[in-house]
Structure formats: C-alpha cells, structure tokens
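Each chain carries a letter (A, B, C and D) given by its place in the written order, and its residues are counted from 1.
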Amino acid sequence: MNYSGILLQLFQDTLVVLVAPLLLGWVNQCRAWLQNRSGAGVLQPYRNLVKLFHKDAVLANNASPLFRFTPYILFACMWLAASLVPVVATDLPLSPAVDVIVLVGIFALARVFISLAAMDIGTSFGTLGARREMLVGFLAEPALLMVFFTASMISHSTSLSTIVETLAHKQFVIYPSLAFASVAFVMVLLAENARIPVDNPSTHLELTMIHEAMILEYSARHLALVEWSSALKLLAYTTIGFALFAPWGIAESGNWGGLPLALAALFAKLLAAGAGLALLETVSAKMRIFRVPEFMGTAFLLAVLGLLIHFLLGS
Amino acid sequence: MPASLPIDWVIGVIGYWLLIGLAGLVLQRTPRLITTLLFPAGALGALIMAIVALGALGQAPNIAVLPLGLPDLPFHLRLDSLSAFFLLLLGAAGIGISVYSAGYFRKMEGNTLGLLCFEYHVFLAAMALVFLADDAYLFMVAWETMALSSYFLVTTDHNVPEIRRAGFLYLLIAHVGAIAILMCFGVMQGGHGDYTFATMRQGHLTTFWASVTFLLALFGFGAKAGILPLHVWLPEAHPAAPSPVSALMSGIMLKTAIYGILRVTFDLLDMQLWWWGALALTLGLVTALFGVMFAAVQTDMKRLLAYSSIENIGIILVGIGLAIIFHAFHKDALAALALTATLYHALNHAFMKGLLFLGTGSVLHATGERNLGKLGGLIHRMPKLALLVLVGVLAIAGLPPLNGFVSEWLLLQAFLLSPGLPHPYLNMLIPIAAAALALAAALAGYVMVKFYGIIFLGQPREEKPGKQVHDIGIMERLGLTWLALGCILLGIFPVFFILHIDYVTQMLVGQTLGGTAAQTGWMWLTPIQPERASYSPLILFLIIIVGVVFTMQVVKKFYHGRLRRGPAWDCGFPEQTARMQDTAEGFGQPIRQIFELFFGIIREVPSPFDKKPHYHGETRDLFWDWCYVPIARFTEKLSALIGKLQHGRIHVYLLYSFVTLLALLAFIR
Amino acid sequence: MANYSGQLINLFAALLLLIAFAMLSQRRVLSLINLFALQGLILSISTAIVAYSSNQHHLYYSAALTLLLKVIFLPWILHRLIRKLNVKWDVETLFNIPTTMLVGIALVVFAFNLAAPISQMAGTITKGTLGIAMASVLLSFLMMITRSKAVPQVIGFLAMENGLFFAATSATYGMPMVVELGIALDVLVGMFILGIFFFQIRETFDSLDLKHMEKLKEE
Amino acid sequence: MEILWTLTIPLTGGLLLALFGGRRFAAELNSAMSFGTFIAAAALTVRVITDGPITALNEQFFVDSFNVFLVALTALVGLTTSLFSRPYMRIEQHHGKLSTNMLRLYHSMYQLFTFTMLLALLTNNLGIMWVAMEAATLTTVLLVSLYRTPASLEAAWKYFILCGVGIAQALFGTILVYFAAEKLLGAGGNALLWTHLDSVKAHLEPTVLSLAFVFLLVGYGTKVGLAPLHNWLPDAHAEGPTPVSAVLSGLLLNVALYAVVRSKVLVDGALGSHFAGDLMMGFGLLSVVMASFFLSRQKDVKRMFAYSSIEHMGLMTFAFGMGGPVATFAGMLHMTVHSLTKSAIFFAVGHATQKAGTQLMENIRGLIKTSPTIGWGLAIGSLAILGMPPFGVFASEFMIITTAMHAYPWTTPFLLAALGVAFAAIFGRVQTMVFGETVDQRLPHPPALVPVFVHLGLVLLLGLYIPPYLAEWYRQAAALIG
C-alpha cells in the first residue's frame, strides 16, 4: 500500500467519473455525423446532467424508499466497476479486491436494483422494461463470464491486472480464441449498454424500449445519476474491452512516468472505439425484441466456442 | 468428567428436543404455552447444538454407543468434522426457524399445534441423528423417522386432497430411496450382520461393487435431495407444508442427502472413479438448469422457491462432482477447493432458503395468498419484512457482496483452475459445464427479481376488502433477522468460515483451502495465489457503502433538494390500474418462449368475443409424462395381468397346486 | 405264504389303481360312492394281509378302522347326503373323459419312475406299491380338478386319503397308531363338516354346482 | 407340566364354551381361558429359558427355543384377540349379523383353534403335528363361514378344499420321512419323533428326503400362503369375522411356516446341500412379488391386508431359505413382529369397517376425525407393516435386505420393486381412509383398542431395543435351524 498507488487509484477514479459523459457525447456526435446531422456537440451530456440537477424532482405517489435509493447504488456500482478496470494503470491498490467474476457480479447487482426500482411504481412500462432488462441480462452475463474465462485461461488468472500484464507485456501472440471472445464481447457490450440493435437509447417507443422503459419514472437528480451511471457503464465496458483485447500502453503499477503515454493511448483508443461503436449502431437496424434472445444466444455460443477452441489448440 | 465430550452434548440436545416434543403433546390444552415456551426452548437447543458443533469441528472424532438397536448392533454414534459441520448447519439455521415458528404458529388451535410441535421437534432430532449415526441401522432408523415426521408435518392440513397427494408422493419416493440406501449399505457391510461404518471403512470393494454402491447411494440420496428425475415430490410437498416446515425441509433436510452422498463417497468408500464425478457433474447441471427454468415460470411463490431449491441442490451436486473428479485424479488441492465451495453453498442455502420460505410464510399469513398473480405492493404494508426478504433475494441471486456469490465464485474458480486433467473429454466437458453453471446463476437473478418485484413492489394486484395486512411480529422479525444476518456475515467474512470448513475437507480429501485462502490476511480470499484470483467482499462492501454515502453527500451539498409527489407518469398514459402491471405469467413469458421444448405448456386463450374472457396458462413438468406416468401404467398393466391369476374357480386353484407339485417333482428327478 | 401275500398285495395294489381310473372315468355319483367304498374295502384287506404277513398287530387295528370308516361309515353318510340333497344327476366333467384318461396314464408313468429308486430301498415285502400309491394320489387329485360338482370333489378328496393310507401301510407297515387314530379322527370330523357344508351351500345356492362359487376373484 | 396346562386349558375352554358359548358371560370366559393359556405358556417359556430344551410324556412333547417363542407369541396374540373379539362380536350381534348359536360355535372353535395351534407347536411327533395342522383347518373353516353369506360360504369351501388337498400332500411327505427314518430308528413311534430324527438326520436317505420335502413344502406351503398356492388366503381372511382373520394371519401362517422350517432342517441335514433353501427362496420371492402386484388393485380393506400377509410370509420364507445366522434371526424376528402388527391392524380395521358399515375402502373416510384411536392405530400399524422405522418390521427387513444384497444380489431388484409397489398400494389407500373429511355414526359399544396399542408398542420396542434374552432365544433357534 504505497501512497503513489493510492494516489494513482484516486486519479483514475476521478478520471473515469469525469471522462464517462465525454465518451457518450463523442459516440452521439459521431452518430450525428454519420447520419450527416450537425449534432449537439461532444459536451451535450454534461449540459444534460447540469440541467437535470437543477430541476425539481417528481416522485410517483407510491414510490417506495427502494425507488429513491436505487440511483445511488447504481451510480456507486458503476463507478466502482469503472475505477477497478485498469484504465490507465495496473495493480492499483483496489484491484486485488475484485476480479473479473466479481466485476460481472457488480454489473448484475446494478441490474437487479434498477429492475426492482422499475417494478416499484407498478406501471405497465416499468415492469415491461424490467422484464426485458433481466431477459437481456441473464443471457449477457454468462456470455461476458465466458469471455473473461477465455482470457483468464490464457493468463491463468481471473484478476484483470494479471490478465493485462500477461497479454500486454509478453511477446505478442495471436490467440484465435480471443478473436471469438472479442466478437462475443462486442455483442454483449451493445446489449448491456442499451445500444442499437438491441435497444435504442433515444426513443420512447414502447414496443422496443428496454432501458428507457425502466427509468421512465425517474426525474431530476435521480435521472441524472442514472444517466451518469449508464455513461460510466459504457466507459467501463469499453475499457474492459481494451484491457482484454488491446491492452497496450497501460502503465505498470505506480510508475508515473508511464502515465502520460497511458493517457494518450487511452484517449486514442476511446476515440477509435467511440467512432466504431457509432458506426456499428448506424449500419445496423434495431431488431425485434423477440430476436434479442437469439442475438444474445449467439454471443453466448461464440464465447463458449472461444473457450473450447482454447482447449483444442491449447495455450 | 465424560459428559464434557461434545457428542454427549449433542445427544443431550437431541433428547431435549424429544422431550419438548412430548411436552407439546401434553400441553395440547394450552396452545399459548406451546408457542411462547416450547418453540423458543427448541431454538435454545438449536443454539447449543450450533455452539457445540462449532467447537467439535476439527476435534478428534468422538464416539458414543447407546444400548439400543439390534442385539449385535447397538446404536453407534460418531461426531467427526463432517457431522459437526452439518450439525452446525442444522443448529444455526434451526435457531432462526424455531424462533420464527414461535411467532408464526400463534393462531393455530391446540390439538393440531401440540401434534405439530411434537412432529417438528422429532423432525429436528431425527435430522441430528442422521448426521450423528455411525452404523447403518441407526442411520436408516433416523433417516426414515425424519421422512415420517416430515410427512406428517407436510400433511398437517390433510383435508385438502392436493396436500394428501403431495404427502403420499413425498413419502413414496422417500421410501423407495431409502430402500436403495439400504441396499447400498448391504453391499458395503462386512457380512455376518456387521453394519458399523467402522467396518465399512475398513472393507475393500471391487471397482464394480464400489460403482454399484455409489450409484445406489446417488439414487437413494438423490431421491431425498430432489435430483432429476426424482425431484417431482419437492415442488408438491414444499408448498403443501406450513412455511417453517418448508424452511426446515428445504434449508436443512435436503442437506442430509448431501451429507449422505459425501459420507458414502468420500468416507465409507475407499476409492473414487472419475466417471462418478462426471455423472454427478452432468446430473447436477441438468438439475440446476431445469430447476431454475421451472422456477422462472411458476405462479405460486412457494413452488417457485421449491424449484429454486432444486436448482441449488444441482449446484451443490456440481461441486461434489468436481470434487470427485479432482480427487480421482489426485488433484487434492482442487478437490478441496470444489468441496469447500460445495459445503459453503450448502450452508448458504440453508440460510437464504430458510429466510425466503419464512418470508413467504409471513406473506401468506398476512394476505392469505400464495398466488403471485394476486399479490403486490407489500413493501408499503410490511416494510420490515420487505427489507429482510430483500437480503435473502440478493443473496440467493448470487450477487456480491452477499453469501450466495461467495460459493458460486469459489465454484467458478474451481472450474477455471481445472484444465490439465488427463482426460480429454473431461477437459471439453468442464468449460461447457462452467458456462451452464453461469447461465443457471444468471437465471437465478431473473427468478429472484420476479419473486421480489411481484410480491413486494408495484401496486396490490387484488385488493382484499376488509383484510387488514399488518407487518410481522417481534418473534418473526427476530428469526428472520438472524437468518438475514447469517447471509450477510457469510458473505462478508468468508475466510473465517472457510477456515472452519477446512477441517471437513482435511478429513475427506486430506487437503485444505484455508491455508492458501487466508494467506494474505483474513480480508482477502485467495484460493490459490493472490495474482491468480482474489476477492475481498469486505472491501467491496465498504467501497459500495462509501460510494453511496459520498454520492448522497455531494448531491445533497450541491442540490436544492426540492421534491414533489405526483401520479406516476408512465409515458403520459391516461389512466392506469394495478391490473396493467406485469403478472407472474407475463414475467415468465420470455423464459417460456426461449426454453419452450422443456415445458409442457397448456394454455387457454380467450377469443376476442368472449363475454367473460378467461385466460388459463399452466406449465407442466414433463418428467411426469416421461418417467412417472409410464411406470404407473406399467405397474397397472402388470398387476391387471397378475390379477387374472386369482380367477375364482376352485378347479383352477387346484390345478395350480397340482402343476406346482408335478413341476417340483420333475425338477428333483 | 409270505411270497403269496406279497403277490396278493401287488394284486390289490393293481386293483386299487384300476379303481382310481374307474373313478376318474365314472359319471354317476352313486357309482362313484360305491367305487369309493370298494376302494376302502380293498385297502383294508390289503392292510390286513400286510399285518398278517409281517405280524404287525397294530395294522389289524388300522385295517379294522379302515373297514369301519371308509367302507361302512363314510359311504353310508354319503348315500344319506345325496338322498337328502337328492343329487343323482350325472357328473359332467370339465374335460372330456378320454383326455382325462390319457393324462391319468401319463401321471401313472410319471409316478412310477418317480418312485422306482425309492421302492428299491423299501425294506418291506411290498416293494412296488409305493409307486402305485403315489399314482392313485395323483389320480384322485386330477379327479378333483376335473369334477365340477361339490360331492365328487369331496369323494376325490377322500380317495386321495385312501391313496395316502395305502402308501403308509404298503411302504412302511403303517404309521404309529396314535397318528393313525389322529388321521382317522380328522377324516371323520372333516366328513361331518363337509356334510354341514353341503346343506349350507345347498340352502344358499340351491344347488351343489361349484360354478355358483366363483364370485371371489380379482376383477 | 406346564406343557400339559398349556394344552389342557384351551381344550377344556373349547368344551366349556361349546356348552355355555352363547351365554352373556361367554366372551369373558373366552378371554379368561385365553388368559389362563397365556399364563401357562409364560410359565413354560420361563422354564425353557431357565433350564433349556425339555421333553415330556415319553418324548411326545418337545420344547426348544425355536418353538417356545412361537408358543408364547401364539398365547399372547390369542389373548389379545380374545380381548378384542369381546366388544367386536357384541357389536356384530348388535348389528344383527350373529345368532347365539353362531356365537357359541365361534367361542368354542376359537379355543379349540388355539389348542390345535399349540399342539402343532409343542408336539415332538411329526405325525401329530400333521394331525394338529389339519385340525386347525377344520376348526377355522366353520368360523370363516360363520356369517352364512354366499361369499363366506364360497371362501370357506375354497379354504377347506385347497388346504385339505395341500395338507394331504404334507401327509404323503410325512409318510416318506417316516419311510426313510424307520430304517434307522426302527418301526414304531420313535421314527417320527423330531428329536430322534434330528439326531440321525445326517444318515437319512437323501433321495427320499428331497422327495418328501417337495410334498411337505407344497403341503404346508399351501397353508403358509405361498404363491401360487395362496388362493384360499385372501378369500378366507376377507370373509371371516375379523378376529378370525387376525388369528389366521397372525398365528396359523406362522405355525405352518414353522412346520416347513422344521422339515427344512431335516432335509438340509440329509442332503447337506442348499436344495431346500433354494426352493424356499424361490417360493418366497415369487410370493413377495406377486402379492405386491395383487395389492395394488384391491378394493376390500381386509382382502388387501390379507395379501400383505402373503407378501410378508413370502419374505420370511425367503429369509429362512437364505439361512445363515443373520437371515434366520431376521426371519424369526419378522414372524414375531408381523403377527403382532398384522393382528393389530386387523383389530383397527375391524372397528373401522364396523363404523363405516362396509369393507370397501372408498367408503371409509377420515377415521382420525371421528375416532382418533382407530385412525392412528390403522395409520401407525400400516406404516409399521410397510417397514417404516422405528418399528420392528423394519429391523427384520433391514437384516433380510442387507443380507440378500450381500449374498444374493440378483434378488434385490425384485425386492426393491415389490416393496415399492406394496408401499404405494397400501399407503395410498390407508391415507385416504385415515385422513380427510367424513360423516360416520358412533359404535354401539366402546371399541377395545388396548390390544392394538399394546401390539404396536411391542413392535416399536422391538424396533428400537430387542431384550437380550429374546435375542438369545432367537440366536439359539437360529443355531438350531442353521
């Protein structure tokens, strides 16, 4: 427990919290450009948050404490998740506390809470959204776990830091299993972050919406926290993706020298990833809700295949 | 002073329970006394049991012989680490359940209550004896007494035909299983009627007979544990029983079967073959997936929990399977890991499922409804209950930082560390198994959201006029709190408990986990090495707390905090009634759709022109049609055939004797 | 004299078997009873001969007993019964007579080679008779199976008793006296009870046909 | 001396009751006589325990540890059944099913039946044993047809003819034994005395003995109720008065099995092979399986329990067939607990049928509601007879099954299936009779349920704790039987 480590941890925590909306903004901006609209600008999410924080909160009459409490838990979980991923540096003091399986667990925790909150008011849309969210979740979770397993089979470890170090700092090897895993991971990412083709964050069309249906009843600060945590979630997933499939440039524990490089690498990757995500969303169309299980099932299958291939070809 | 031996204490507690039971029969006139006195007294016994068992863990096995039983075979009792662990489970969970019962049975009338008190405590005592038995006869006696007492508990309300049917099914399957266990002991016995476990440990069997023994044990104990396809009694019997009884059965009694499997496989048999493990693993996975799938489509809250018990038993069996495989390949460290996960999950399940069943009991008491479709919004009426049940729900959904997650984490670690088994198929099987396990765990989350969301959240789906719903009483709250506390502590301080489980793994596979698990301090759970995998629930818990508090503070600081109440917005939908919420069927619909071919689905959908539209949907358990109905038909056919022999004509009867005589005479020539 | 007596016994044994066959083929109840009486007579005579030839005095008693019981008393009772119940009809058999005869012959063969090794070691002057005894037992068993009315069945039962008795005397110079008495007592009481039965059956079903008594069965 | 008392008391009782059997005090007299018999039997038992096997009346009677426990059991069950029959018969009379003469017949025959049972057990002479067995049939056959209903007549007729024919085969077997024995022991009485036969059994002629055993097995086996010779049994049990059913399946079957086992000992000695044992195992297994399948389609409660008796007799025969200390021990224990439990069940069933006014099970409902003692008696008794611990039946089944699994594994699947089916059959029906709602009238006389719970208490005791002297008995007997 050296001070530099703690400092680095704090630095990363603040970093992720601040950067998260930016990534969201960047993705939306890219989408706007791709659909040749001018777009609201990269900073729009921040403006939204500020606006929401200034509004009066309106709570449904029969909202229980659980409903009010949930946004904070959500925010805490996502923040924790994002700050535990080696975004800029590995071997942070907190990283041994949590390995990939726990990470999946944290996401599940957040999901369960938001779904419960959605059911709390007892509106038709809320329960509908909760059901769909859980549907997506119970298929996405094992797929994500399998992706992690593939990586940890390679690095004989479930702690992200070790994974990153083995993948980044050993000589470069091509793992075909990782290829499968990466595809699966992207699909999971799309589903979990309520992106097209699984969900559309920017409509309130009751036939299709999942995430939006759950948070319909939230307003003002609660809504702000929810939005923010979904931004954090997106960031967390993206950085996990980097850690697994593009771990280059992440700094060793506690050497500040590597930090600027790491930051540069991070932002570069984020730019690329955001653009890629936007591209994906633009070229693909929203699918029927009934098709979602098939989509997720494919992801799950791919992940398991990756694992099997790892066993077949050996590590 | 010999009485200081732990085993004497345990025997004392058993006797004490039996006395309480008899007292219950005596005090039938005064039900108040039974609830206010006897059940708390039983809880006290459970407490002593738990403490003694905790102390006995890791001590040298101590033995007692009672002058009862068969002439050549007095009752042998033995308290070793394995028994001690399960006795601890029994005691710890029993405390909460007994305290709760003290409140729950308040309104029952005298003679039924006295009888119930008797059966209840006999049930407890029988389970304790099962863990303690050291010879086949005592084991079987305790085993069947357990089945019998629980049968009478299940049929407490025997005027309902369904309940009678459930009890019959339960006892029948239990009895057939018991006969299988009997045979398994028959194989292992030393001959000349020597049925002590001691001789069985000495005895050496050929591979074939060892396998026969294992399969018989798996069948026999599986019938009690509810392993596929012997699970059918479970979703019938658990809802039928009064809720504390369901809690006992699901939380503790199912574990006696696990205990039996472990005892026979690792202690009595002197060899383990890898394919036993593979078999157990596959069975466990199928059971787990099947259980959770069916749980997701249930509309009766206690049935839902019963199916979830099937799932958890499946998970436990998976752990046992892994342990057998590893042990068969002499990877004892991994075997210890898998076994620890198994035992830990057993302990967790006792707490979580006890908590949830008791919770449903309170809901039942308050609303008189078991059907999810008629519940809802109880979080406003019974906030305390809602909070306590929420803990159980999160725990059984396998979410960090609660206890359900710890055991699943350990189990997944065991899977991850498994490669390099000298058997290619196994290496293929194991990742798939891991995937299936992950799927089951994730589905458990779905199920639990359904369970909690539909019972406690939203608006009441059916208002019962004049039915005043009130929150739980003090005794109920105490019992539930104890169990909830258990869930939290087990979740946050796993290392402490694992250090105790080590004695068991040491005894069964000669390896421990704690040594490595606690290597970097009691806060960190590291199965093998810190850089391979580590998990610190406490820190996680603290961070989340800190995160929440910090966020709240910040928000409070920078935010004006104005708050208005209003009607729900719901996309500006004009008017909305409670009937518009998702029903239990609705919530289960996606699962029904995805796994359609596993369910026997019967639906009657009203036509648009119905005056009184009526929807009826039900999902049947296909195993009825696959195994049980055919067996029943076959038996009927056969008995019809044999019945023809009793023909009624005396000449035919004479002919039988005549032919028999001639046949025998011809036979001896 | 001894050898003559031996031959005589064998002769009577043969007669016994012959009567057994006759009963098997007989249709009329009255003549069945007479045959039964005849059988008893032959039995007692042969017993007497055995007693004489191997001066076993208690055999005289049992001969006398047989004479009393099976030649005089039982037939008398039977006669009275059928007069009271006036059942003089023909006994229709379940299988037709020739088949029964064939089966009977097969039985005799079977019984003989079953008894062959044993009769070698028989210490008595009446070697071959054990087989005959067994054969007559089996034949009366067959008769009980084939008769559809109550009275003939009982007669078959008594005939079986005769066969057994013959086996006892011929193979072993008779059982101990006390046993003989006991058996006789049983037969007597049994006959009484049967008599009671006939009347009860008669008044309940107003017929002695056994096809009325096929109600108790698994349906 | 005690032997004489044990025999004379029931005999005189029979004669007395033949005179006064119709009077009002007849039932009490009956019980008193049975009580006297029980006392005498108890004294005899004590005597035998203290100074070993005894013979009496120049060896005509012989008591060893094998038959003495059966004597005690017979006397005990005889006593309790007489106690039960007192109110039962009163109620029957009250229902107008019985005339005074019938009652007289019943009482005197009851005593004579006890006498024949005890004679068959106590005598040392195989011939007398045969006579007693036949006499047992004769005494009970009129009891079976006591009600004079067509069904009861039919049952009695079948009982008489089948058992008579069977027993005739047994006589042939006895003659063959005598035939084989007289060469060694000389003509005259001694050649049929069990003690003498037992001493020379090694030298008996094997071929004759094996032939004899076939006849004896078929003969006495018919009375034991071994499939496929069992057909008289369910009819007789179902149609006779319930006390008679109780003693039939509680005592008669035991005594018949006793006869079979005695002859098995001789044959084993002569052949020195497992021939007899194999035959008995075969019959036993067949009976168990067939009975259990018959069980699953019964409508009449007494008939059902009659089949269950067949099943259990099969189990005992199987056990004795297996031989060896454990199995034989188990067989005898099973004899004891079965007759206790089964008679208790018949007591409960008797009153239950009187309450419901029918023997059809679908018309008997909710006994626990209306008369808890009868209901619980029936429920516990059935669970005990189904081999549920902690009752004694389980103890013996435990030993039988484990031994079978050890020695003859191939038999156990049949046992498993049979026991499972039997459990489903009996328990499923008993449950509906005991539980649930009902509308029933009370009985005109208070039922006597003390016997029921005395028996069940004993059975429970035997399941948890077998007194050492009893165990010692069984062990000696097992040693005798081998």
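One rule holds in what follows: a contact is a pair of C-beta atoms (placed from the backbone, for glycine too) under 8 Å apart; a residue touches a chain by one contact, two chains touch by 3 or more.
Treat the numbers as computed from the prediction; the structure is a model and nothing was measured.
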Fewest touching-chain hops separating subunit A from subunit D: 2
Work out per-chain C-alpha centres and flag the one nearest the whole-protein C-alpha centre. B
If you tally C-beta contacts per chain pair, the winner is A-B
Can you compute the centre-to-centre distance for subunit A and subunit C, using the mean CA position of each chain? Integer Å is fine. 101
From the C-alpha centre of subunit B to that of subunit C, how far is it in Å? 70
Chain centre separation in whole Å, for subunit D relative to subunit C (CA means): 31
Please tell me the distance, in whole Å, between the geometric centres of subunit B and subunit D computed from their C-alpha atoms. 44
On subunit B, where are the residues touching two or more other chains? 643, 645-646, 650, 654, 661, 665
Touching at least 2 other chains, the residues of subunit D are 157-158, 161, 165, 211, 234, 294, 297
Residues of subunit C touching at least two other chains: 114, 141, 144, 153, 210, 213-216, 218
Chain pairs in touch? A-B, B-C, B-D, C-D
Could you list, by residue number, the parts of subunit C that touch subunit B in their complex? 94, 110, 113-114, 138, 141-142, 144-146, 148, 153, 210-211, 213-219
Mind pulling up the subunit C residues that touch subunit D in the complex? 56, 114, 117-118, 121-123, 130, 134, 137, 141, 144, 150, 153, 157, 160-161, 164, 167-168, 171-173, 175-176, 178-179, 182-183, 185-186, 189-190, 193-194, 196-197, 200-201, 204-205, 210, 212-216, 218
State the interface residues of subunit A toward subunit B in the complex, per the touch definition above. 53-54, 56-66, 72-73, 75-77, 79-80, 94, 96-99, 101-102, 105-106, 108-109, 111-112, 115-116, 119-128, 130-132, 134-135, 137-139, 141-142, 145-146, 149, 152-153, 156-159, 161-162, 204, 206, 216-217, 221, 225, 290, 293, 300, 303-304, 307-308, 311
Within the complex, subunit C is touched by subunit D residues 125, 127-128, 130-131, 134-135, 138, 141-142, 145, 148, 150-151, 153-158, 160-161, 164-165, 168, 171-172, 175-176, 178-179, 182-183, 187-189, 191-192, 205, 207-208, 211, 234-235, 238-239, 294, 297
State the interface residues of subunit D toward subunit B in the complex, per the touch definition above. 157-158, 161-162, 165-166, 169, 210-211, 214-215, 217-218, 222, 228-229, 231-232, 234, 275, 279, 290, 293-294, 296-297, 325-326, 329, 368, 383, 386, 388-390, 394-395, 398-399, 401-406, 409, 412, 415-416, 419-421, 423-424, 427-428, 431-432, 435-437, 463-466, 468, 471, 474-475
